[in-house]
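Shared between the two complexes below is subunit A, which has subunit B as its partner in the first and subunit C in the second.
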Partner chain A sequence: MKKRLYIELENCIGCRSCLAACTQCGGHEERNRNYVYDVNPLVNRQTMPLMCLHCVNPACARSCPAQAIQVHETGAVLSALVEKCIGCQNCTIACPYGIPKFDTEQNLMYKCDLCIDRTKDGIPPMCASVCPTNTLQWLTDEEIANRKKQFNMDNGKWISSMPYLEGETNVKVNLPGILQGITKLF
Partner chain B sequence: MQTKTVNNQKHQRSINNAFASHFAKSMFLAVSGLAILTFIGTRMFTHVDLNLYGYMVGTIIFLGGFFYRFISWGERPPTKLLIKKGMKLLFRKSTPKTTVNHLAVYEFIWNRGIYRWTQHILIGWGCILACLVTFPLVFGWMYFTMDDTGYYNIILMGMEIMTVPADGIIANLSYNALNITALMVIAGVSMALYRRIKNMQARAEQTILYDFLPLYMLLLISITGLALTFMNVFLHGVGQPIMSLIHQWSVIITLIYLPFGKLAHIPFRPLSIFARNYREHYAEQSMKKCNVCGNEFVSDEQSKDVVAVLGINQIEFQTKEGHHLAELCLPCRRKYRIAQFSGFPTHDVKVKEANQNAKG
Partner chain C sequence: MQRDKFYQEIENRTHPNEKLIKTHCSYCGMQCGMHLRVNTATNKIIGVEPRYDWPVTAGKMCPKGVTAYQQTNHKDRLLKPLIRDDASLKGTKKGFREASWDEAYDVIAKNFKQQQEKYGKDSLAVFSGVSMTNEKCYLTGKFARVALGTRYIDYNGRFCMSSAAGGFLRSFGVDRGSTLPWTDIHETDCLFIAGSNTAECHPTSMFRIWNVQERGGYIIVVDPRETPIARRADLHLDLKPGTDLALANGITNLLIQNGYADEDFIKKHTNGFEETKELVKEFTLAYTSEVTGVNQEKIIRAAEIYGKSPNAVVMFARGIEQQHKGVDNVSAYTNMALITGKIGRPKSGVATFTGQGNGQGGREHGQKSDLLPGYRKITNPKHVEEVCHVWGIKQEEMPGPGVSAYEMFELMDQKVIRGLYLLCSNPAVSAPNLNFVRQAMKKLDFMVCSDFYLSESAEFADVVLPAVTWAEDEGTVTNLEGRIIKINKAQEPLGDSKPDWQMQVELAERLGKGKYFSHLKTAKAVAEEFRLASKGGNADYFGATWDKIDRQDGVFWPCKDENDQGTPHMFLDKKFYHPDGRAKICALPYRPPAEEPDDAYPLRLTTGRVVYHYLSGNQTRRIEFLRDMCPEPFVEVHPQTAKIYNIAHEEEVRLFTRRGEGKFKVKITEAIRKDTVFVPYHFGHDESINLLTIAALDPISRMPEFKACAAQMEKL
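Let's look at the complex of A and B:
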């Protein structure tokens, strides 16, 4: 059963468990690859996570001169292969979401690989497995479709893709209802 | 349209017109080059070691795979661009330093871990030194003759460069060069295999075909090579003919495999020097200011190049505010996305982004 990362942005309470969990994933060498942002830092405490959305047509891989960024058969856009990455940083400029991180000392880019050692076997990625508020979930397409119905958001405000993202992504994102002035039907 | 016609006319006068494809041209030039060097090195083919002809054929098949793989790779838009600009910037003052750093002492691997650096130095330099000995022997660029009993003449490219006593240090180093490199490679490969078996992070991602096969192939080459020495020295040559065929087979298979697996990083790693030069040179020229916060984050040239490359791939990240997303610095680009999610312009709030690095 193919599962996806599904993000319900408004649930985020800014605990940054996902960042801490990310550091503990095999192959991540104790450095996190995701972000949590304050939406309006001077006014309120609302936060939102920002993960690699694993584009169907990834700009990072398209702009890589070394073919170091590979797309896994599950659709995950993998981190740079350590022996291939030549350190040009094209990917960091190309990514529309600013996700890839670059280590100048190691001359190496690293980015979210959706914990490929886990997700290739159907185990949720580290971030989703620790998220205490169900901001990050690991769901099948069917379950995601049910959410869509349940939230009664069939009004163009459901953002799994355009115009809120730059293209089709493998990670599905749900637009926050509260910030849009809409009440979700739980 | 106009420019295209002009280009075509230019092509018609070029030497490229003599060849059906880039592949044909590269193959022709490489094989001709080898033949000429061999003609000179072997003093007009009088000193060819026919015992090694299998390696010669293997090398030519390797060249076929190599050009096939790397010409198709070089046709990718970002690669083509980087190679073109990298060639132009090849003679920067910092190039020798970068080259030594990236291709000889591997400082960036040291920063990834001393264990990994040690294994890479052993495997890398073991292979490089072995190639420096093997290929000149195969193509007859280097051979030994004996005029006076007990003294070897070392002939390099047809020129006698040295006469050494047959039991001296240099002679012994020459006989044992491949044994020494074999021991280096075996030590390095054993370290790599140990890491791949024990290290949980490596275990998470490795695959047999991509990560283990090249290690096994190098191990096979080294062990069969050492076995040849063992059979000659201790067994009076028993089994040596068979073992030399096994050794030859393992080397040729590895050569043919080289451009297609993990070992492909050997011939293509020099591109990291191009990348470094490219970044350094254009950063000195002019830096791109972020369209939102005004911080300089990348060279103007690279920003333009990435936008162009994405354009070739039909990817346009034009925002409704009228800039390309590649013109925003990374924190602003992330905040801009949060702004798209929330409807609130986070990127316009003049607050430095919070620390995004968790302590592992």
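Let's look at the complex of A and C:
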């Protein structure tokens, strides 16, 4: 059954294990491709991962004059093809989330390919495999729907997630605040 | 074995020309399952792959775990023995030359013999650690007592978990770090977590811990800092460092007053309730709040949630243990479980987050100054006789009890201890009051250090022996649950490095003690003798064969024989290990920290850890990813305190106590008390916060008070 990357922002503890693991899939030249941010650095320890959301209609690929960014049949938006990328950096500007990174020495863009060597065979990407908090998970659509139901916070103050952000994405995100929607055991 | 809802059936990815070796992480007590990727052409470790089918951690790893493999073929590895002929260079990296094993052993044997002839057997000490296998820990104890014949052996667990051991022994009569398996954690209704920065120090517990809240359960966190787990907790009791005992007594008082005591359980299975009930009466809400600095409403709510919870687990870590009343803190928090009867059944109990990889197993089998294998006492003639029988020595040949880790440095300073064999530890960073400790190490006539990198402590040695990393040897480790697991060999030792057990066997032969050691030719052979030596002790490993460990995904001790599957849950029969089968509820009067703030030193200094580093940082500071994430120590200061001192984020301050000082960059955060500053301890030389900490020792565990002392700072 098809699984997706699912992000539960409330769970993040900022350990950056996802970044360390990003170098380990065997196909990433041991460079990490995503981000973890301190949300309120002088205030508290809240952190959040910023992963490529693998847009259904990806701005990075649309902006590429060389068609170097391919979309895999699983929906994963791949890293630039080495032989095609001209190093124009359009993609880094076009992406609404600032995901693509640029290697100035190689004049080459690189980004998350959702560990395509793993995910094409249903094996979870490295980040979701190691994430110690289940901030990053590899779930079926049914499991994601169940989680949305569990964290139903339709109280006018909190929302658990929006249908999508800039455009529809293959990765699904649950915003912080999930605990507001939980009924306590006692 | 247990397969819970987090278990996933996932096939691993194996790349061409690679094989996967099933093992566990080298670092903390979680001992996360992992595969090491080995290149089949070079037979070298090249990476890591999750171990999805490990029941405790389901493939999850923290950033230390993900990068742990980079230790083995690291450029800083020691590949040959090193000898330093010029003793005046001690305390520096200078003057070492490479040598053969033969020469190194000759120098060591000659010096050990000469020194012991001149100053007696006990002039030589062994200082060990518990980030190594049970087999190595066991043999180190035997090596000290049989090959060296010295009473002075102790280990770095005195700076880590010895207060938990002391508290559990007093409360339960047995010291198993967790009374229940980790696969129960997410199913409980309330986690009461005191003095544990769990998200940074045991990150792979977090998916279970968060799940308690997702199910509608509660998390209560006791910590002077708003750590990542405290940030999301239902209740954060932000106490002053070093006041845990008052808080535990205050909550216990409320539990009794508000009718949450389980009188039937107390009557049938415990002693000491009446005295404790009397003593905690003094800890009224007002008094408890005044001593701890915690808001009264929060204390009431904490007692209410814990009291009402059908099931609850009390958990703690170094925050409460590294105090000069650490043992009392452990027993006092354990009282909460005993008084409410929330123990001795699934989903309820008490657990410590064991710090070091083998902190549990390593303290059970004879590296501690007063212990012999199987948690036997060296002061108990029957216990001594049992171990002498396995070792083939006479009872009168067994040395008596020695002193604790920090006290060994005092004896070095007094020239009672003149020689040191240090392995698997870095006390030049991890001990308290480092100015004193470092000069005591400098005073040694002769020192040997075994490590796989040139640690800060190795800089004091005359001979440095190149040990292997965890991935170049095999053996067992006991994780924080009390589950005995198997570490497997992924690569042949790099260069001329050797496992410590092999060094000890070969050195024993040089010292004329070969007949007690020469039969130990493999780690497996050591394991067989060690299982036998533990047989009949409280920590009985006899039934935990390597085969069974593999078959069952680990074996929980005690495991007495072939048919025994081990003991995941302790005390299910409500039988505790004291002679009358009852647990002890302890009446514990409050003592403030050894050094309270005053006009000259108005701040409370507390120390701890960050997620990117392990212990003294000797390993993790060399891993590029981890070093990039946290390259240097810092001092956390509340913005209002920073205002008083006129300091801004990232400015430098001189932080000082009565014992020492250091320069640290300021990290402003509201996630700390205004009266407290925090510095992580993983750094060496001038960057060590332990230059400032106090060596006030717990009277039972001999644990120093790393967590609280008085300090002052000034802007630079």
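Just so we're on the same page, the second predicted complex is superposed on the first by the 165 of 186 C-alpha atoms of A that agree within 3 Å, B and C clash if a C-alpha of one lies under 4 Å from a C-alpha of the other, contacts with A are read in each partner's own complex, and residues count from 1 in each chain.
FYI, a contact is a pair of C-beta atoms (placed from the backbone, for glycine too) under 8 Å apart; a residue touches a chain by one contact, two chains touch by 3 or more.
Quick caveat, the model's predicted, so the values are computed rather than measured.
Asker: As a test of reading the superposition: which chain, subunit B or subunit C, is in touch with more residues of subunit A?
Answerer: B
Asker: Is A:R62 touching the first partner subunit B, the second partner subunit C, both, or neither of them?
Answerer: So A:R62 only meets subunit B here.
Asker: When the two structures are overlaid on chain A, which partner does A:N170 contact: first (subunit B), second (subunit C), both, or neither?
Answerer: In the superposed model, A:N170 contacts neither subunit B nor subunit C.
Asker: On the A-aligned overlay, A:T119 touches which partner chain: subunit B = first, subunit C = second, or both, or neither?
Answerer: neither
Asker: When the two structures are overlaid on chain A, which partner does A:G98 contact: first (subunit B), second (subunit C), both, or neither?
Answerer: first
Asker: Using the superposition on chain A described above, determine whether A:R16 touches subunit B (first), subunit C (second), both, or neither.
Answerer: It touches subunit B and subunit C both.
Asker: So, does A:S129 touch the first partner subunit B, the second partner subunit C, both, or neither?
Answerer: second
Asker: Can A:Q24 be said to touch subunit B (first), subunit C (second), both, or neither?
Answerer: The answer is both, since A:Q24 touches subunit B and subunit C.
Asker: Residues of subunit A that sit at the subunit B interface in one complex and at the subunit C interface in the other, please.
Answerer: On subunit A, the overlap between the subunit B and subunit C contacts is residues 16, 19-20, 23-26, 41-42, 46, 117, 179.
Asker: Along subunit A, where are the residues that touch subunit C in the complex?
Answerer: The touching residues are 10-11, 13-17, 19-21, 23-26, 41-47, 117-118, 121, 123-124, 126, 129-134, 150, 178-179, 182-186.
Asker: Can you name the residues of subunit A that touch subunit B in the complex?
Answerer: Residues 9, 16, 19-20, 22-32, 35-42, 46, 48, 50, 57, 59, 62-67, 82-84, 86-90, 92-99, 103, 105-108, 116-117, 159, 164-167, 173, 175-176, 179-180 of subunit A touch subunit B in their complex.
Asker: Give every residue of subunit C touching subunit A within the complex, in rising order.
Answerer: 10-13, 15, 47-50, 52, 59-63, 65-67, 189, 199-200, 203-207, 210-211, 213-218, 226-229, 231-232, 308-310, 611-612, 625, 629, 639, 649, 668-671
Asker: Which residues of subunit B touch subunit A in the complex?
Answerer: So the residues of subunit B touching subunit A come out as 73, 76, 78-79, 81-83, 102, 108, 111-112, 200-205, 262, 265, 268-269, 271-272, 274-276, 278-279, 298, 302-303, 305-306, 309-310, 313, 315, 317, 325-326, 328, 330-335, 337-338, 340-344, 346, 349, 351, 353-354, 356-360.
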